[in-house]
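Paired with chain B in one complex and with chain C in the other, chain A is shared by the two complexes that follow.
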Partner chain A sequence: MLALRTLQKLALLALVFVLASFFLHLAVNAVPGDPIALRMKNPDPEKVAQLREQLGLEQPFLVRYGHYVTDFLTLDWGRSLISGRSVLDEIGEFFPATLELVLVALLVGVSIGLVTAFSARWLQWPALRTVSLSLGAVGLTVPIFWLGLIFIVIGSYALGWFPVGGRFDFANELPNGRFFVLSAITSGSLDILVVALHHLALPVLTLALYPAALVCGVLQARLHDPQLTFLLRALKAKGLAPWQIWFKHVLRLMSAPVITVLGTNLGALLGGAVLTETVFSWPGMGRYLVAAVLNRDLFVIENGLLLVVLLAFVSVSLADLAALVANPLVRRGVRPV
Partner chain B sequence: MASGLAEAEKNALSLHKPVPGNGPACIRPCRAAIIGRCGNHHRFASMRSKAESRRVRLRLLMTCLAGILGTVLAVSCRRGDGGAKRERPSTFVFARGSDAEKLDPADVDDGESVNSMRPIFEGLVQFRSGTLDIEPWLAEAFEIQDDGLRYVFHLRHGVRFHDGTPLNAETALFSFARQMDPEHPAHFENASFAYWSYLYQDISEVRAAGPMTLEFRMHRPNASILHSLAVFPAWLISPGALETYGAEMPRYPVGTGPYRFVSWKPNQAIIYERNPDYWGEPAQFERLVMRSVPDNTVRLLELKSRNIQGLVGLQPAELADLVSDPKFTVYRGPGMNVGYLAFSHFCERLGEPKIRQAIGMAIDREAMVRLALDGYGQVADYPLPPGFLGVPDRKPAFRYDPDGARLMLAEFKDRWKSPIELHTLNAPRPYFPDPLKIASLIRSDLEKVGLPVKIITRDFKSHLHVMRQGEFDMGLLGWTGDNGDPDNFLSVFFGSWAAKKGAATNISFYRNSEMDVLLLAGRKETDRAQRQKIYEAVLARWALDLPLIPLIHTEQIAVMRREVTGFKLQKTGNIRLGPIGWESMGME
Partner chain C sequence: MPAILSANFRTWLLAAFIAFALSGFWATPYDPSLQQFRDLALAGPQWGHWFGIDGLGRDFASRLWSGLGNTVGMAAGALGLNLTLALSILALERTLPPELGRMVPLLVSIWVAVPVIFIGLILLVFLGPSAGTLVLAVAVGNVPFAFRQLRVLWQEHRSALYVEASTALGGTLRHTFGYAIWPNLRPDFFALCRLIFAICVLELSGLAFLGLIGDPDFPELGAILRQNQAYLFQRSALVLWPGLLLCGLLLAVHSGSQVDSR
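And now, the complex of A and B:
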């Protein structure tokens, strides 16, 4: 069953690749204006024609599409029209920053959601219930840039506890790796870890609120489902300890929606969390791709966006498969408790 | 979710069957009892133990929370000491909205790349700080020979590039040869070297005339070439950079300036350090950092939190509380730019100069400066900034006169059955900090005199494309000057050679042979008084035809901490951080 689903997903991935690459190529070519000429303040038509020829932009549409697909698959992504650097190198620089931010944020967000929802149910404490309900309301409705600014004004400006933005202090030597937290842990440098985490704190909180609210909302509904009471009683009657009841059975039962939330959010955020990155001066994919679109940076748009689309699809698919493994009811197509 | 709660409670209540009097203990879990809303319950021994365990759980949770809070506090306290810096910091941190594109002076045209390279590179000549006067720099002296057909530069002795390469005629030649010669190894394939075919088009040959003498030969005399040689594409790069970095040279700038390049973290910061072997006055900071902080509000907060010592890119409205704050100095000065309203030659409805003049008279540009620039700018009387050669002291033919405009337009009443299209960009540019506001001000002014206007908005690149095709009725665009020469504005706007579809800077597609003759004569003429007369004639010709109406000149704004010394705004708009210093104020 799992193998079949995996095969299905792979077939879908191929389809998504063909469709996404084609429409991306179509869209990039349909936008009026020549990206080469528009780069120059005072364009010289001869030079523009020469550059277009060099870049292969004078070939027919389908030939260029063929080149695009093969170049993408062989990782020959060309050079940015703006910076002149290899697109692969640039993505290799910006993507880890986004990945680090997004993974930590999702981890924190899901933990906040889980802890709030579970403790509200476990403790049966009305105030906590209110907290968990309002987390859902706030997290889903408050715009992220506003929240980020509020965090900066309070956490950085008024209290001075956190840096205002950026990924690292320029007073310190920058870590070597592309994932600062990871390289700090592997190199065992506490100092670097502290600085990196310090810079991560506010953007992570900002970004974590939405998944936290989602997880909390989904669990809220399920944890307070009256049928759960029967299950709890049955498990208790079976003689299981509370921790076994909650962590082995209930958590597992609840994990499918959490995994789905995790997967879809990861997929959505892999392309970069543009607003959070902008507010916190974070050098991630979102800012990079938005600037590329505004600058008509042809090869960055084509290859960068296609990569993001594929990664998003893979992430959602993996979450689906993981949910399948976690909950046998999903596998049978039965709505879980 | 609220309905879920209600349902759950109802459910719990239905499970609970109240027992009257002192009946047996309720053994079922009763939510209503737990949350204290059940009046029928007595607290029995079994329930007490539950309440107790609840308290235990609560205590556990509180402990966890306290732990997290404590960790946060501990981490924060570690940072507390770095707050107040009264002494001169060893690192000067400066922030702007976007990062450099590349660090190759010959192949950029965006302000941030130029600002980023300014501490590293120097040219043969440069603009005397804060002016448009030329002073010798890496050349100790220069001579103009053969009636402006030959420029000879005598290079300064004892100057070395950051990689140790000595400055001489051969090494200086490298920076020019790579732009001129398509076969040159540093004439990179994907680079456009757009400025060479534009500001330097009249240079025919550059050669080493002696070990320390560099000679430029011209196709024809060009009065602005000295100014052009002070502009960034003429900054000198070490030939050693090509040897060391090859095609990656645009990422690793090697110049002769007071700071040398350390590293570049794209979209984060460019880091520089003091050049210990600098030939001139040594830099005052050990390190220099240019950060990119995209959000204006956040950049301002960075400044107020003392994380950065200077910034650019704030909008006038955001400066309000900074101007009166003694901790900061707000620098403002005229920018070398003009924002204008162009009329396309291809739009027949606006064909008569009289109509264009009426439109000029209908627009209240004073109000525009007040409302769209918050006073940080001035009305543009002429299509080039005041103080330029040839700009007359008197006001031009048209001034704000809506009644006159209404009368003049009434004659062509039947032309305005459908609205005139006003094309505009949607994001700020140096010459239009708020283009949408400017467009709507124009619309309301024109509608007051009976001219219906429809605003069409696009992102900058798409807008630029439409403008360069000439496919519009009226369009908003602007120009930032490069070398401070009138030709750099007037030829760009009015030369028929600049009206090529798709590549036009003369977006009105204005073609006038008399104008062309004047512009070419102005370029060639080296006598200042003669030149002035020519440009006066050019402006007189412009006022007759009005292919475009200049609207505003914006001011440049920079904010520095009060302690910063030696900073001056440059006419060219470049930020020069090389000479800045720090003077402790002894306050706070």
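And now, the complex of A and C:
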């Protein structure tokens, strides 16, 4: 079942690649005005034509599409029309920043959601139940870009605890790797870790609200299902300790719906990351791509957007497969309804 | 009964909120785009300017009111377009031969994996930044969600006993839809509309906040937030109010949706 689903996903990935690359290439070719001429201070028609010839922009559409697909697959992504730097190098610089932000936010958000929902069920305090219910509502009604600004006003301006934006304090020595937190942990450098976490705190709290609300919302309904009471009673009668009941059985039972919901909402989380990066001047892929679209930076748009679309599809597919693995029926070879 | 009264009250509250928002197109006390109070720039609340003046000398209450109207109007446009597209795809799936019809949900499952913000960026490359592009991006981006929900609703009601009974009694397609299907479908359909509307509001204001609306002076709540981000520490109220209005609008929409599930 899992192998078949993986093969299906790989076939779909190929289809996504063909469709997304074709539409992107079509979009870039439909850009109004000549982006090459726009980049030059005094656009001399001869020079513009020469440059277009050099970049292969004068060839027929399908030939260019063929080159684009080959170049993308061989990682020959050209140079940015704005900075003149290699697109691959720039993406290699910005992408880890986004990935670090999204992964830490996901981890924090899921933890907050799990802890809130489980404690509300376990401790049976009405106040905690209200907090748990409100968290789901807040996630649906509070725009995260506004929440980020409020966090800046409170955390940076009023209290002065956190920096207003950016990824690192450049008065300190930069970490060696592209993933600052991971580099600091592996090199055992506590100073760098503190600075990196200090900058991560507010963007992560902002972005973590959405996954926290999702997890809390999904668990709320399931943890208060009367069926669960019977299961808990049966496990207790079996002589299991409370930690075994909750962490070994209930948590595992709840993991499949949580993974499914998170997986289907990963796209929204990536969208949230773009907004969070803008609020906190976080040097990530979202800001980079928005700037590229507004400046009509052809090669960045074509390659950067295609990469992000493919990665979004891969992450959703991985979450789908993980939910299948987490489903006990599938593990026993029973086809889920 | 109190629950029903409360639900009705929430519906009226939502209707009043939407009506107030839409009146922002013509009823603002001052022109929301005219910089007529430049000498009072960044002034606090005062008589005649209840929310003060923004950094470019415009009455902030007028901008907020007009911004709320534009946000609601754009989201309503996106909702209409979204439902039209989703229903058209659903109709296409039903009319195509089964082998081809099966491809439609497959293509939609690919579509759903692409985040709306990136669909917006791709469309912006084609069409350039403008309010219309944002409406189109949000409508197109949410088609997979609307399609899947409408498909489930259709499948649920198509095979319902009351539909079969109505058909067996000789009811025409129009009669069966009007008297059997629609009354049962209506609460779920309106609940879905409200949910999509709320998603459209959030996504439109998010894209506008990124500066993708084109005209930097366009009064839309996300765009107003972006315009006033520069005064975050100088006059935080200029950032606080647009966000609170957005939250209020979303809360009203989500509270109203409980009416359908009562």
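Here is the rule we go by: the second predicted complex is superposed on the first by the 315 of 337 C-alpha atoms of A that agree within 3 Å, B and C clash if a C-alpha of one lies under 4 Å from a C-alpha of the other, contacts with A are read in each partner's own complex, and residues count from 1 in each chain.
The rule we apply is simple: a residue touches a chain if its C-beta (ideal position, glycine included) is under 8 Å from a C-beta of that chain, and two chains touch if they have at least 3 such contacts.
Note that this is a predicted model, so its numbers are computed, not measured.
Measured by the number of chain A residues touched, the leading partner among chain B and chain C is B.
In the superposition on chain A, contact is made by A:T278 with both chain B and chain C.
Once the two complexes are overlaid on the shared chain, A:Y157 sits against chain B and chain C alike. With both structures placed on the common chain, the touch criterion links A:L24 to chain C but leaves chain B unconnected. Contacts of A:A268 after superposition on the shared chain: chain C is touched, whereas chain B is not.
Look at A:F170: by the touch rule set out above, it reaches chain B but stays clear of chain C.
When the shared chain is aligned, chain B and chain C each come close enough to touch A:L149. Of the two partner chains, chain C is the only one touched by A:I301; chain B is not.
By the touch criterion defined above, A:G217 lies against chain B but remains apart from chain C after alignment on the C-alpha atoms of chain A.
By the touch criterion defined above, A:W125 reaches chain B but does not reach chain C. The intersection of chain A residues touching chain B with those touching chain C, taken from the two complexes, comprises 31-32, 149, 152-153, 157, 278, 294, 296. Across the interface of their complex, chain A is touched by residues 106, 109-110, 112-118, 121-126, 128-129, 198, 202-203, 205-206, 209-212, 222, 225, 229, 232-233, 236, 239-240, 242-243, 246-247, 250-251, 254 of chain C. Within the complex, the chain A residues that touch chain C are 12, 15-16, 19-20, 23-24, 27-28, 30-32, 137, 140-143, 145-147, 149-150, 152-153, 157, 264, 267-268, 270-271, 274-275, 278, 286, 289-290, 293-294, 296, 301, 305, 308-309, 312-313, 316-317. The touching residues of chain A, counted against chain B in their complex, run 31-45, 47-48, 51, 54-55, 79, 81-85, 90, 93-94, 119, 122-126, 129, 133, 136, 149, 152-153, 156-157, 159-168, 170-171, 174, 194, 197-198, 201, 217, 220-221, 224-226, 229, 233, 278-281, 283-284, 287-288, 291, 294-296. Chain B contributes residues 1-2, 4-5, 7-8, 11-12, 15, 29, 31, 34-35, 54, 57-58, 61, 72, 75-76, 78-80, 83, 91, 93, 98, 101-102, 104, 107, 109, 188-195, 197-198, 250-251, 263, 265-269, 271, 289, 291-295, 297-298, 301-302, 304-305, 307, 427, 459-462, 464-466, 468, 492, 498, 500, 502-503, 505 to its touches with chain A in the complex.
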